[in-house]
Every structure is written in C-alpha cells, then in structure tokens.
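Attaching a single structure in structure tokens format; questions to follow.
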Amino acid sequence: MNAIPMRSLVRTLLCSVALGAFPLAQSDQKLIIEAGRIMTQAGPDIENGRILIEGGRITAIGTQAEVEKPWDALVLGGPKLVAFPGFVEAHTSQGMDRPNENIDVAPFLDIRDSIDPVAYFFEDCLRYGVTTINVQQGGNCVVGGRGMIVRPVGMTVEEMTVRPLFGMKLSTRPKSGKSRATQMQALRFAFDDLRTYLEDLVEKEKDEQGYAKREALFQGRDLEAEKAEGRALANATWKLEGLELIPRGALDERYAPLVELLEGRYTAFIHCNDPLDVDHALELARKHGLLAKTVLVLEDDCWKAAELIAEAGVPAVLEGSLTHVERDPITGVEKETFVPGVLHAKGVRFALSSEDPNTRAPAYQAALAVGGGLDRQTALDAVTKVPAEILGLGNEVGSLEKGKLANVLLFSGDPLSITAWVEHVVIEGKPVYERAKDLRNKHLLEGVQPPNTAPPSKADEEKEFEQGEHSDADKKDAEKDDKGNEKKDDAKDEKKEGGGR
Amino acid sequence: MWILAASLLASLPIPRLTLDGDGDWTIHAKVVYPVSGKPIEDGVVRVDGTKIAAVGKGGGGDLECAAVTPGFVDLAVQIDTGNASVEQTSESVARLSVAGGLDLFSDEWRRVLESGVTTALALPADFDVIGGLGVVLKTGGPTLLAARLVKGDAVLRGAIGSQPSSGNNAPRFVEPQNFYYRRPTTRMAVEWVFRKAFYDTLQGEGADDPEEAANQAVLRRVLAGELPLSIQAKATQDVRTAIYLKEEFKIPYVILDYAVEAWREPELLKRSGVAVVLPPFPPDGRHDDGFVNDSYFLPLDAAAQLHEQGVPFALSAHGQRGAGASLADQAGLAQRGGLPFEAALAAVTLDPARMVGVQARVGSIEVGKDADLVLWSGTPFEPTAHVIGVLLDGKLVLDPRSR
Amino acid sequence: MLAGLFLSLPTAADHLGPVPSPLLAGEQAVAIRAERVILRPGEELENGTILIERGRIVAIGKDLAVPEGARVIEGAVACAGFIDPWSSLGLDPSSAADSNSTPGTRSIDALDPWHRVHERQEALRGGVTAARIQLGRTSPFAGIGALVQTDEGSKPVVVLEDACMAGSVGITRSGRSPDVFDRVSEVDRLIGALEKGKRYREAQIDFRKELEKWLKAITEKTTELEKDFKKAKKDREKEEKDAKEKAKEFKEKKYKEDKKPRRTRPDPDDEAMARAVEGELPLVVEVHRASEIRRLLEKTEPFERLRLVIAGGTEALSFAKELVVRKIPVIVYPTPLGVGRADEYEAHDPALAGELARAGVRVLIGSGGGANARELRFLAALAVGHGLDHDQALAAITTAPAQVFDASARIGALAPGCSGDVLVFDGDPLDTRSGLRFVVAHGLVVVQ
C-alpha cells in the first residue's frame, strides 16, 4: 500500500475549506457610494442612488432618501457618475507566464504556480472594471490542469485568490502538432488510461485482501475485516466496482484530479474551434457524465453548432470576434455572421470574454453586441450575470444587491457609450482604482514626450530650417515674392523666412 | 434645384456618366445631422433623383431611422491592386494617376460602403517618393470609374520616411542603376528626391524629356495651388520635414497623411497651415513602422488636441477591418479622447471633403448636394448603434427595411 | 429473370451501422423505372422498377405496384451507387494529411460534416454514394478507416465505423524519401506491428486461461483452508503458548501460493493490429514497388487469417499468381499520367487494372485517397478503355468494394434490403457520353 502523499491530503483539506474562505483583507471602514444612476442589473435602475458597504458586502442599496449615510463612512462618487456591478470574466488564459504545457495530459497542474500578479493583464482588468476573473490553462492541450478564480488586486497569488482549484481545462481543438483524429485519440486515451489505472488499483487491493485472508486462514489467525477507507466513484456513467476500497489519498497525483473531475468537483472548460470540436466535446461530456458541469469555450465558426449546444443545455464562453467572416470556397463571396445573435436566437446561454485584443473591455464588447443587434439586457447579462453563474458565484457577484460582494464600478457616463470611462473601481468594499491617478491611462490618452527629448525651441527651429535651404536662385525668388511680406515678418521677431500660408 | 445641379455638373472638368437615382426617397429621422448647420430633431430629408431636394423638420417618410448623417468621406481607403497601383520604375512619377490601379470589383468597396463611407480618396501606394495622382470616387454604383468618379487628379501623393526607400538597395558599381539597386536608400535621400523634383520644376530643368515635362506640369500645378500635395509623414521628424518642404517651396496646400505624430508639433502645424489626416487609433497607441524597428505613438486625444489648436484635420480608417476599425468607430474613439461630437462628425464628412476640394458635392446634407446619406439605428459613432441604411447618389444601396 | 421479388430484409447486416433515421431517408417513397436495371454487374433486369421506402430498397421487379404519393423517376439505365474504396472524402484535411497517426487512430473521429460541403455535393453529382474514408495518406500507420455514405447534411451517415486498418510502405510523396533499405525496413516495421498485435491477442487469451486456472486453484485452496481453519487455529494457539513458556520467539508459518496472473495492459494500437491479424478487419497497405511487394507478401504469409488488400500496386502484376491464390484484392488509381505530381513509382498506369484482372486478381478502382471522388466513374471508364472488362470495371466501383469491406448486405448492389442508393443514367454508366440524370442517396433524390 502506498503511503498517503501529504500534499494531496493537505490539498483535499484546503479544497473543502475553499468555498468563500478567501476574502480580501478588510478594515472596519464603512463605504458609501453615491451615483446619479445605479444600474443594479437586478431590476430597474435607481436614480440618485446610494450603496452602503460594510465588511466587504453591500448592506443597503436604494435612493438617497432610502439609504442613510453613517457619519463614519467614506463617501465615493458623484451625481454625474453611473454605478455598475464589476464585470465577471468567465474564462481567460491571460495573466500567466506561458499558459500551455507540452505534455498532453496534465490534470495535476495548478494555475496558481503560473499566475503573474504584476502582468499588465490584471492592471487592464482594473481599468476596464473586470473584478472577478476565471483564469484557466491555455487551449493548446489535451487535458490541461486546474485553474482558479482571482480578483485583479494583490501582489501575491494568495492575495488575489477568490477560489482556488476551480475548473479544469480540456480541449477538443487539436493541440499544435495533432490533427483532430489524433487529438480525439489522446482524449480517449486519457480516460481509458484512468480506467485502467483505477481497475488495476482496485484489483491489486482486492488481491491483497484475498491473500491476507488466505494467509490468516493458513496461519490460524482471526482476521479483522478491513474497513473501506475510500469512497465509491460518484459518476452517472462510469461503472467501476470497488473504488471504495482505495483511500482517496492513495490515488496517484497524476490521476486523482481526473477522478475529481468525474465526480463533478471541477467545471470542465472544453476548448472548441470548430463545430466538429463541439460535436466531440458534447459527446465526450455525455460519455463521461460531465454534461452538467461542462462549459464550452467557443472560437471561430462554432456558432454553426448552436443548436447542438442549446440541446445539451450547456453554457458557452465566446472567444474570438463577435462577427465571424468566412469566404465561400467556390464563389469567393464573403459572408459575415453576428455570432451572439445566432447563439441567442438558438437559446444558448453565453458569456463574452476579453480575448480579442482589439476589443478587450467587456463594456465595449457588450456595446458592440448591442450594435450587432443583440438586445441591451442580454448583452449586459453576458458580462455580468451569465459569467457569474458559470463560475458558481451567482449569489456573490454579477449584480448590485444587498448581501452580495461589493464589487462596484463608477462610470463617467452610460457604460455602453464610447465616451464613458471607468473612473473608480471598488472590490469587496475597498477602493482599488481611480482613473485620475492612473499614469498609464494618462499616457495613453494624452501622449507623453519621449525621455531625453524636448520639443525644439524657436531658435533651434530656425537653425534647422536655414540648413535645409535650397539654391541661391530660389532664395532670390523667395525674397522677391515676399518683399512685401518680409517687412511684416520682421515686425514679428520670431518668424524669419517667408513662412507657409 | 435642377439648374443648380446642372451647373455644378457643368463646372466639373472631367466627363461623367450621369446617373439615375432610384426614384424619390423621403427619410424621416429622430435627428438629422446636416453638418453644415445645427442638428434637426424630428427631421426629414427629401431626395430627388441623385440630389438632395429638401432638408427640414417634421413629416413622415418612406424610410425611418434614429439618425441621418451625410455619407462619410475617407481620405485613405487603400483598396487598390497592391504594388501594381503605383509605378515604381522611378521614384517620382507625378504625371501618373492611380485610376488604372484600382480594383473596382473588390468586395472591399461594399464593406466600406456599408460602414457608411460613400466618398473615398484613392491614392497610389507609398512605395514611391512622389507616387502620382489620387482620385476621389464614390464607393458604390456601377463598376466603372467614369460612373463613380467625383474628382480625377484630386491630390498629388508623396511619401516621406522609411517606406519609399525600403525596396531599394544601395547601387552597385558593377551594374547601372535599376529597379532593385538605386537611390534613395535613406530618409535624407527621400527628402532629396522631393527637393530635386520641385527644384527642377522651378528651374525648368530636364523638361526636354517628355515624361519629366509631364511630371513637372503636375508639380507646377501643385506650386500654383491648383492641386493639393498629400505627404505621408508618420514620425515627428517626417512631419517637420514635410512642413519645412512646404515652407521652402511655398506649396500652398499640403495635407499630412497618416500623420501619427503630428500632435507633437502644434506650433509648426498652426504656422504652416497644413491639414492633417489622422490614422486609426490603435488600442495601445502604437503604430508600427513596417520597415524599421520603430513605432510611433498616437494618443487618444490627438484629434481633440488638433481641434483645440484650430488645425484642420480628418479621421481615416485606412482599410482596416475588424471590430472597432471602421471610420465611424474612429469618430467614436476620437470622442472618447475628448473631441466634441460635432467636430467628430465634421472630421469624417465636410472637413475631408474640403481638403480635397469636393465640398460642393459631398460632405453635408444641403439642398443640391449629392444624395449620399447614412441611416443609423441610434446615436452615430456609438458602438451600440450601427449603420442600417445607405443612400449613394440617390440610390438605396443598403436597405434599412430589410434589417 | 427476376420478376416480382418480395420484401426480404437480410439479417447478416447486424454488424453494420444504424439505418439513417426515416426523416433523413426521406418520407416520400421513390420508384425508379429503367429500361436496364443493373442489379449487379452481369445481372440485369429489363424494364424493371426499383421501389425505395424509408431509405431502403423494398422491392425490385417488373410491373411493380407503385404506392401513392411516390416520386416516380424514369430513365434508361439504373445501377447501384458507386463506392470509392480509397478516399478521404469528408475528412478534416489536417487528419487526412496527418503523418503521425498510430494504428489506434480512428478516421471516424475526423469526419467533418460541417465544412467542405461542396466536395460531397460534387461526389454525389459524380454518382459516388459511399466511400471508404481513411486518414493519414502519408502515414506508415494510418489507423482505422470507416465506410461512410456520402451526405451533404450535418449528420454523417456511417455504414461501418471500423471498416479496415491501413498503412503504407515506401511511398515517396510528402517529404518521406527513404532509400531502398529504409523502404524494405518499413515492411518489417509493419510486420513487427502485426506480430505485436498477434502476441497481444495471444497474451490476452493466455491470460484468460491462466486466470481461470488460478481462480479454480485458489477457490479449491480457500475451501481447503476454511476446512482446516479450526485445527490451524488450535495449533497456532498451542505454539504461541509453547513459545511463551519456553521464552522462544513465535514465528508465523509461511504461507505460499501461486501469484495471480497479471493482465496485459490495454493498448489500443496493439488491439487494432490484433483485429487485423485475426482477420476481423482487412488491412489495406499502399505499396508500389516490386521489392516491397515481394517482401510484404512473403512476410505476411504466416498470418493465416490476415486479410491483406494492396492499394496502388504499380508493380503488382509480377505477383499476380500469388495475389490470386491468397485472394488479395488490389485497389488501383488509374488517373492519367501528368495529373498531380507523378512519382515514377506511382505511375497510375490505366492499363494496370485490365492486366491484373485478366490474371485473375480482384481489382477495385479508387480515387487515390484524396477528397476528389467525383471522377471515379471516369477512372473506371479509362480502365475499360485500356483493357479492363466492362462488367469487371463496374464491379470494381460497386460490388467489389462492398464485398472486400464487409458491407455487401447494405451497399454496392440493387437488392431488397440494400440502401436506396441508385444512379439513373441515360446510357451505359461507364460510357463517358452518358449523362448521370438522377442520384438517389439513401432514398433521397439529391441530384436531378
């Protein structure tokens, strides 16, 4: 019998304690947020509203008449600002150092070893108002590792953690170097290999027990029945006898996470690039009883399989551009499809993501979705409510309601307008971002003189200009033309040669 | 009405096919933005044939929408046949026009039209120092240049910086200069080519060569102020060079194209009176120079800065595609950087029209002008709104009723 | 001849894939009347009618009663839909070109109904209603191929998910340019894999036998031990007491038993090869040169149940006798020279089919493993022009592929119970001047 590996035991303990046990360090400071309009995303907007925040959560929300301002509360906001719940990113592979592992099947990996707290991505999340982020392995894998849910504040991974060991990444999109056939072969093998391992383990245990029994009989000893220290495999489609004989700590680290996946411990994020990948992903999920915990990550033309996705009742995260362009191979005519429109029409629940580098901000994504024809509420849900539910945090984030975490944004105008900026970000009751103090944003907006340079002074300009003078003939022409002008120019002592018109 | 239209047509030097409109349209919108005047709430625009017949308040219409703007004018569409659209046997080919190098069958035109751009300036590519003449044309209609042309010989195209010299290698002693081995190979040599061209024109040198004489004829028109000179100048240094050249040769009308860093030299811009065409706003502010290991910075408030300083400018989309890449999106981003809405609207309509001298026909919704209109589903330039209809020369090329 | 056949559904079709759902097959019945009904090459019915309902042929005969509401099609010649035995139609291109496949890779995983619809449409227009699709055109081990009916829709119609194993030896296109020693050793590598599969299967059988024996022995032993337990317990207590009194160490009796046999680790690649060794799946090997063919034939002889099929076979004529004796069919690709990159060893000689057939070898005609199946008819016609007997040519694209790949109960011929895949020509099918007027694919009229 293997010695129970300490790390997996500790990890199991950690996991069981993990739910909701990673709050942002709090002070006793109360916070009041005032705004000309509060978009609660849980009912009608509140005009001239006020939010009271205590201990990191919203304890009261309503009009200024309804919510009293405690004398010891910090006040943030103003009548021109619009309050909005922090955006939720349902799936991303950014903010990591090299998100893809070379090994095909690596369920034992944990993203906490790869997250880079100082990555620009997290800085940008604050700028765009993304307050809850699900970071997962990259899609260039067969079975990737486990991800985690983080907040974009903190200098260490521990500070950033909202929920560790959340979600596992799989991919039916071929890993680089594989074709679709070999990718499916590898995926199939991952689960078959697991089955072989578990069956062998159970058989070995049974054999040992049988041997012990016979030995005892032979030696004339009484043998106490061994208690089963493990648990049976709790999966609807996997029939595996005898797993209860194996203590869970004895499972090899390389296989234990897959067992946990089968038992519904992790949400399976399956990466798809193609409607065929969607086919395969749903088939895989059904075969292994994972459908209830599956989320598809869609790129490219996966929208063609929208009916299949709706039928399976599985939510989706949209990566890739909102408008898919394809060229007919015969006629050469381009066809554009508005992807969120198709998904919504077929009844698929989806979240938008910030993968496209041209349209990173969720607010902008949602605005573009509205521009493409999606109704406003569905577009806003796709960056708040739906991703929150996908992450199992539907009761904590995604809207401004009493009892939920105080993740609040203050926009300078309507969040879907191009001219609106995120002015303030509050995460779990703590103000963490203020645009007025954001130096990088200032540079992007106003530009900055490069270091060790200065705009040329007037004297320098003239010198440069003189050096560039052409032949004498032209000079004479110039003087002739500008004889009248020259006098005027002399009057202004700065300008010299006949300037442009 | 028709006399005005007819006289406008008669004043154009280039023969055009006259077009029939679709018939008469009446468009009713919650707001009409004529650009030449204040926005009209609950406005109506009436189209008669290919021209605008009336603009005013109230009434119903065949076509309904939330807002109407004039068709946009993009001074940089880049829909051409690539490097075949510019003659590269010499670095200075002022006499040649890009007209022959345009691919009117490309489906890019349709995409640009559906984003609201009805008039475009097509320029030769920037592989030459003086690349030739650009034309202003409509982005839709029959696939005949004669039918789409608004103004032939609209600008003379120039380019400064690393692009024009990028295809050249230093001449070798063993063979005469040819297409691959010739000057200019440096930025200063590019400037020299410019200087030489204008200097020779002023001196009348080399005019016995018929091609050179034809080139110089065009340059003389530029010097006389009959033809604007559009110089591509991305870097701060290039902006300065272009302005010094303008002042040196007293070129009356100069447009700085793709002027990424023009914002760094407000004094020079004001003093010289150049007009500026801004490139698209990239998400991180950087425009890469495709040839040297350099990039230039365009802050989001560049348009707002130019507006404040009173420098005439236009926004452009440069044929980019993708989310946030159209001309209307650029107007939105310019507003994000602080440009007021009216200025943003003008920067994609009347201001670019003025820069290339077609403001008599396009750029605003006024009686007698071409019926080029864009119908919106919401406030123009907001990402939550999109173009639902387009009229071009009075023809409904994008039908709002089917969307 | 065959007048008034009655409905008779065969039962041997159990191993084939499910019949397409009635909706896919078309609600409407189809009746096809033709002056010549070619049931199979060499068997014809004059002025016959074929009745198709719910995707299957229910009856063939003269003067059949046509049910009401049926679509009636008339033509000059009717024959069974063509089967392309060497194709990658409908496969995702990265998989079709994958050179890293192993014996366990499955072509059915790469069947992509969502894209390249025009390829399948063209194939249907050319009369190809089914194909053996295979990934890994350039791979030495191309995995498991499938037999699929051509369909434009988004749900594939599979006849056999596992139709064959495949591999290749000594091909020179796509980067591999082995010298003569390498090529010959490729044969050895293939044989090695076959032997590994054989040993795997034998190990599995041995294991089962050993396990049975061991279980029997252990059960007997356990019963014995249980019988003797009371006595053993008493003995032990006595010994314990003795040891305590005499201050001696008490040692347990050593118990020995035979070790339980360990099962062979499941290996999908070996499993696939084992199926080929057992003859469960035919093994298609693309090979061209005489030296490799010789070695291949020599080395595969010990595998008695192996069903070898040669694809390509440029220089196979010299081995015709052995091919006949061992019943090894050859799939040829008689495309005219100059089409594509002609490798001198893949000469695509159009006369090869005729020569092999005259020597008694069973010949199949395929489109070389690409996705361009629509020209199959013309390849067969070309072979006829170069000496292949007409009926044999027609068989090469209908009954022969169906038989070799174990699907003759379902496709390849016109018989009750077969899939409703019928082609209607206005002349002989292999005459290039006749037009293909109608194509009925599993009961749906897809081309008219």
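For clarity, chains are labelled A, B and C in written order, and residue numbers in each chain start from 1.
We adopt the following convention: a contact is a pair of C-beta atoms (placed from the backbone, for glycine too) under 8 Å apart; a residue touches a chain by one contact, two chains touch by 3 or more.
If you're wondering where the values come from, they're calculated on a predicted model, not measured in any experiment.
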By mean Cα position, the chain sitting nearest the middle: A
Chain of greatest Cα-centre distance to chain B: C
Interchain centroid distance [CA atoms averaged], chain B/chain C, Å: 63
Geometric centre distance via CA averages, chain C-chain A, whole Å: 46
Between chain B and chain A, distance of the C-alpha-averaged centres to the nearest whole Å: 40
Chain C residues within the chain A interface of the complex: 92, 94-95, 97-98, 100-102, 104-107, 109-110, 112-116, 118, 135-136, 143, 154, 218, 221-222, 225-226, 228-229, 231-237, 252-253, 255, 257, 260, 265-266, 268
Touch list for chain A against partner chain C, complex: 174, 177-182, 184-185, 188-189, 192, 196, 207, 210-211, 214-215, 217-222, 274-276, 280, 301, 304-305, 329-330
Contact footprint of chain B on chain A as seen in their complex: 321-323, 325, 333-334, 356-360, 364, 367-368, 370-373, 376, 416-419, 421, 443-449, 455, 461, 464-465, 468-471, 473-474, 477-478, 481, 495, 497-501
Residue ranges of chain B touching chain A (in the complex, touch as defined): 107, 111, 195, 199, 202-203, 240, 243-244, 246-252, 254, 263-265, 268, 271-274, 283-285, 297-302, 321-325, 332-333, 335-338, 377, 381-386
